[in-house]
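Both complexes below contain chain A, partnered by chain B and then by chain C.
Then we have the complex of A and B:
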């Protein structure tokens, strides 16, 4: 058993227990921050180990794979764990200024840590049934966080979120059952070998589609995204930031994992479906955003359109496209979480999230305006920020395949993203506040706790943008592992010879 | 036996879909629990059925003799039942709270978070 694989999971669970015991005291928030900090260190160590070894695997309880519970970290898992820890750390600090005493008392910090543990577990697990279990851990924690405030809006959004996610869970479970019936295994590495031996390849495609729908709901792709804009604008800002950054990306990760390693038997069919899904997701998401006027609703719809780019990278299935998808995943988590955190500060300064009813932030809080511009422009794909490189690689991949129409859609959606970001900019920042309020950053309670994580994530965006080369090289290595899972299989099952 | 269970799963899924298409949240939840039971049965059947042969290892041996029941899908189903039950309990309470604070279980009327008219 390798401690560097288990620590990123154990730390958040320990932090959750301690934070729950200390939920009535202000120390609870600090337990959450320290826990996330330690988790960040653990995931950096994991990343270092994986960079060195390629793929590391550990068998829990020393039951040999494929019978026991396997934890695996390849480069994709490691980078997702790392980015989860970074986001978790930033949001844990932000929570100091966002979560009130009542929410803390109801167990916000404990639920938050369990959510991080669930997300990390989903990235690290090496078998399908455990992926299901981690999904549930994540889901139940997110249910709790979503309705923590108990207001009408939260309950209303919660009902839709819970209902659609439960359906996806059941579909996922049915898919697991059928796949097990066909192959007799649920271990990713073993599945990658066994699916080729399945006689009835048509049935395998049917099961692949069940997984696509199940993970598609989680990833919020067209036409399965309706729970997302119904729920994401209702909870506390730190909750919606961590949801926006991480939850849908777990679905994308699961899609990438399953549709590169396991279901690569009929790419002509499955990945064509994914291609259509990706295009519709991009367009519908960005059009939905154009129709909204609430800060967080606009951002929620943009999550959907950006998910489309990642799915597009997966659907094209060329090395370059997958590089783009991986790069996009990393960039998007940072940027999106950051924008939701900024929405929280804007709300506290101006008293609302409806962009037509607020304003004046550029004049009175110019620093916040700069902090908003960085992730907003990155999201829209302005050079030299991280989003530009992500979009550039994906569009380049479509052009290499001579898919002109798809490339056109990807570029047009980028343009429409600018439109929405400009709307937020013009309404919330540029125009004077309709009530004549001139909100200043100085007046913000717990100012440092809110500004530091936002600034930190913005700096990260700039670093990736100005120096993309190591990140692209890293994404290329990740892609090699995805397209040729030999190293992964050897690490889990041992050398076949 | 497999055929019989397959038909049962089909009936469960059909009833579940019928119930889940209703606007009433409570009916939807009843459909959900039928569907989750159908999923559990699917896993059970997918593990192949061997009636009357428990997977017991005789004294002094490392493996059971002959064809015995597959224990893994049963373990999976057990986990799935527990998780499904927990989630369903949560969903029921949520529905109850929704009825308390929104005053309706008709999902068409639940428009608090997404009002039809945009405030301007």
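Then we have the complex of A and C:
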């Protein structure tokens, strides 16, 4: 029995149920924290098992693959599950200081746990249809979380979010139907084998493009990103932190999974499209960020621009570029979730998120300023923080391919990122508060609950930054598995011989 | 709405629908039906009751908060899935117990699949009712 595969899924569901039944009592928040803590332990165990065994697979209900429900964890899945659990744990603690009684009563903690379960499920599933199911679980939970505050702005953001995600879902389902019609299977491992036998390779490319659009909406790439900045600045800060950290990355994960293992029949076409998409995503995202003045809107546009780097890694499809994409994925989740959590603390201290209307944080709360600098510099790619290595690997991969122009774009976008980070720094931290408020960290309610997760994630960023070697080696092993899915296929379908 | 005929009719209908929903759920194992359909029919019973007598009375008749019913249902379904592990099988593998089985008859077959179905029944009942009650309240 593969407990280690199923526990990362069962624990959040259990926590969600208990938290929902206890939603009127303050215990609900603690159930969420304990659940996320146990989930973190379970995903560490899963990681240890996968590091040891390579790929592990389990068949739910004992129906053999490719017919039953398969859960698979290779290194990419395992690391994504682990990073989801880390972010989930940090945000669950942060919620103590962020989520009010009314939101808790409406079931915030239960929805949050279901969201974590949905994200984890999407990373662990071994077939396309269940990927769709987990997307739906995520979508329902995230819609609930988005509109929990019930304000006009939230509903507006929520409706845009759901409308676009439903379009993506329809495309996704249509693609699944067509692919099933062509190959007779939806199991990733089985698909990897059967797509080569499809007679009409042109049609396969069409289906591949449908998946690209469907996952592209989830990942918020150019030109399908506009739901993201419309929605991410409206909900509670805990909610936007998990959204920013995890949701778009599920789309990126799905793209990486499908376009390395399954749709590698016409790289010349599909990956060239991805390359252009990546460049536009990077540039448009960072330009959008430069035009914004709301703390969270700036960060939201940055998500888009950073997604571009990950897609770029996938588009180049060389081992080094994929290493960069995997490294970037992990680094970005930690950093981005952290920045949104900091935005929450800044809002509570200064009373707003509009950077021109707040200020004085550097003088009155220098510790917070340090905590902001770490992820902000990391995002912009300052050595020796984690973002530097992520960008370095991607740029190195473009230079190896002698794609000078793409390398130039990647570097220029990095520079622009610094520009808008400086804007937050100069306005929110450096300049005195226009109303003369001197916000001190002492005044923060539930201070420890808000500072500890932020500090923890910042320390993680520094650890990756100062000691990138094991992480790069790990990313290299992950890439090997992606480019040569033999181990994956054997783990799921058994030995073909 | 205040109609004596509707109230009297709704009470009768609600009872019949609830019995029918239980029948549908149990029947679902080998024939059309099951937890989802059963849950929908049971929800209809309370919706009819709510239209005739108001949501307050319907909530009282339900006794539990519909959201909690859905939560408990999800829990039951999950436990039904985990139970397979006690027999050393993969999660969500159906486990069977044949009560009074002899050589030529299978007796009364009981399974974790039925427990799962009861969970689904409660989830559907709870979810539909929390939505419709909220809508009825708003009207």
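Please note the rule applied: the second predicted complex is superposed on the first by the 496 of 497 C-alpha atoms of A that agree within 3 Å, B and C clash if a C-alpha of one lies under 4 Å from a C-alpha of the other, contacts with A are read in each partner's own complex, and residues count from 1 in each chain.
Definition applied: a contact is a pair of C-beta atoms (placed from the backbone, for glycine too) under 8 Å apart; a residue touches a chain by one contact, two chains touch by 3 or more.
All values reported here derive from a predicted model rather than from experimental measurement.
See if chain A has more residues touched by chain B or by chain C, and give me that chain.
Looking at chain B versus chain C, the one contacting more residues of chain A is B.
Considering only the touch criterion stated at the top, classify A:437 as touching first (chain B), second (chain C), both, or neither.
After superposing on A, A:437 lies clear of both chain B and chain C.
Does chain B (first) or chain C (second) touch A:17, or do both, or does neither?
In the superposition, A:17 contacts chain C only.
In the superposed arrangement, does A:62 touch chain B (first), chain C (second), both or neither?
It touches chain C, and chain B stays clear.
Would you check which partner chain A:139 touches, where first means chain B only, second means chain C only, and both and neither mean what they say?
In the superposed model, A:139 contacts chain B only, not chain C.
Is A:107 touching the first partner chain B, the second partner chain C, both, or neither of them?
A:107 sits against chain C, while chain B stays out of touch.
Output check: A:356 vs chain B and chain C. Expected answer is one of first, second, both, neither. What do you get?
first
So in the superposed three-chain picture, is A:159 touching just chain B, just chain C, both, or none of them (first/second/both/neither)?
It touches chain B, and chain C stays clear.
Figure out whether A:6 sits in contact with chain B (first) or chain C (second), or with both, or with neither.
After superposing on A, A:6 lies in contact with chain C but is clear of chain B.
Looking at the overlay, what does A:193 touch: chain B (first), chain C (second), both, or neither?
In the superposed model, A:193 contacts neither chain B nor chain C.
For chain A, which residues lie in the overlap of the chain B contacts and the chain C contacts?
none
Please output the residues of chain A touching chain B within their complex, sorted ascending.
By the definition above, chain A touches chain B via 129, 132-133, 136, 139-140, 143, 147, 150-160, 162-163, 166-167, 169-171, 173-174, 176-178, 180-182, 229-231, 233-234, 292-293, 354, 356-357.
Any idea which chain C residues touch chain A in the complex?
Interface residues on the chain C side: 67-68, 71-72, 74-75, 78, 82, 84-85, 88-94.
Show me the residue ranges of chain B that touch chain A in the complex, using the header's touch definition.
20, 25, 28, 32, 35-36, 38-40, 42-48, 72-73, 76, 79-80, 83-84, 86-87, 90-91, 94-95, 97-98, 101-102, 107, 110-114, 118-120
Considering only the defined contacts, which chain A positions touch chain C in the complex?
Chain A residues touching chain C: 1-3, 6, 10, 13-14, 16-17, 20-21, 58-62, 69, 107, 110.
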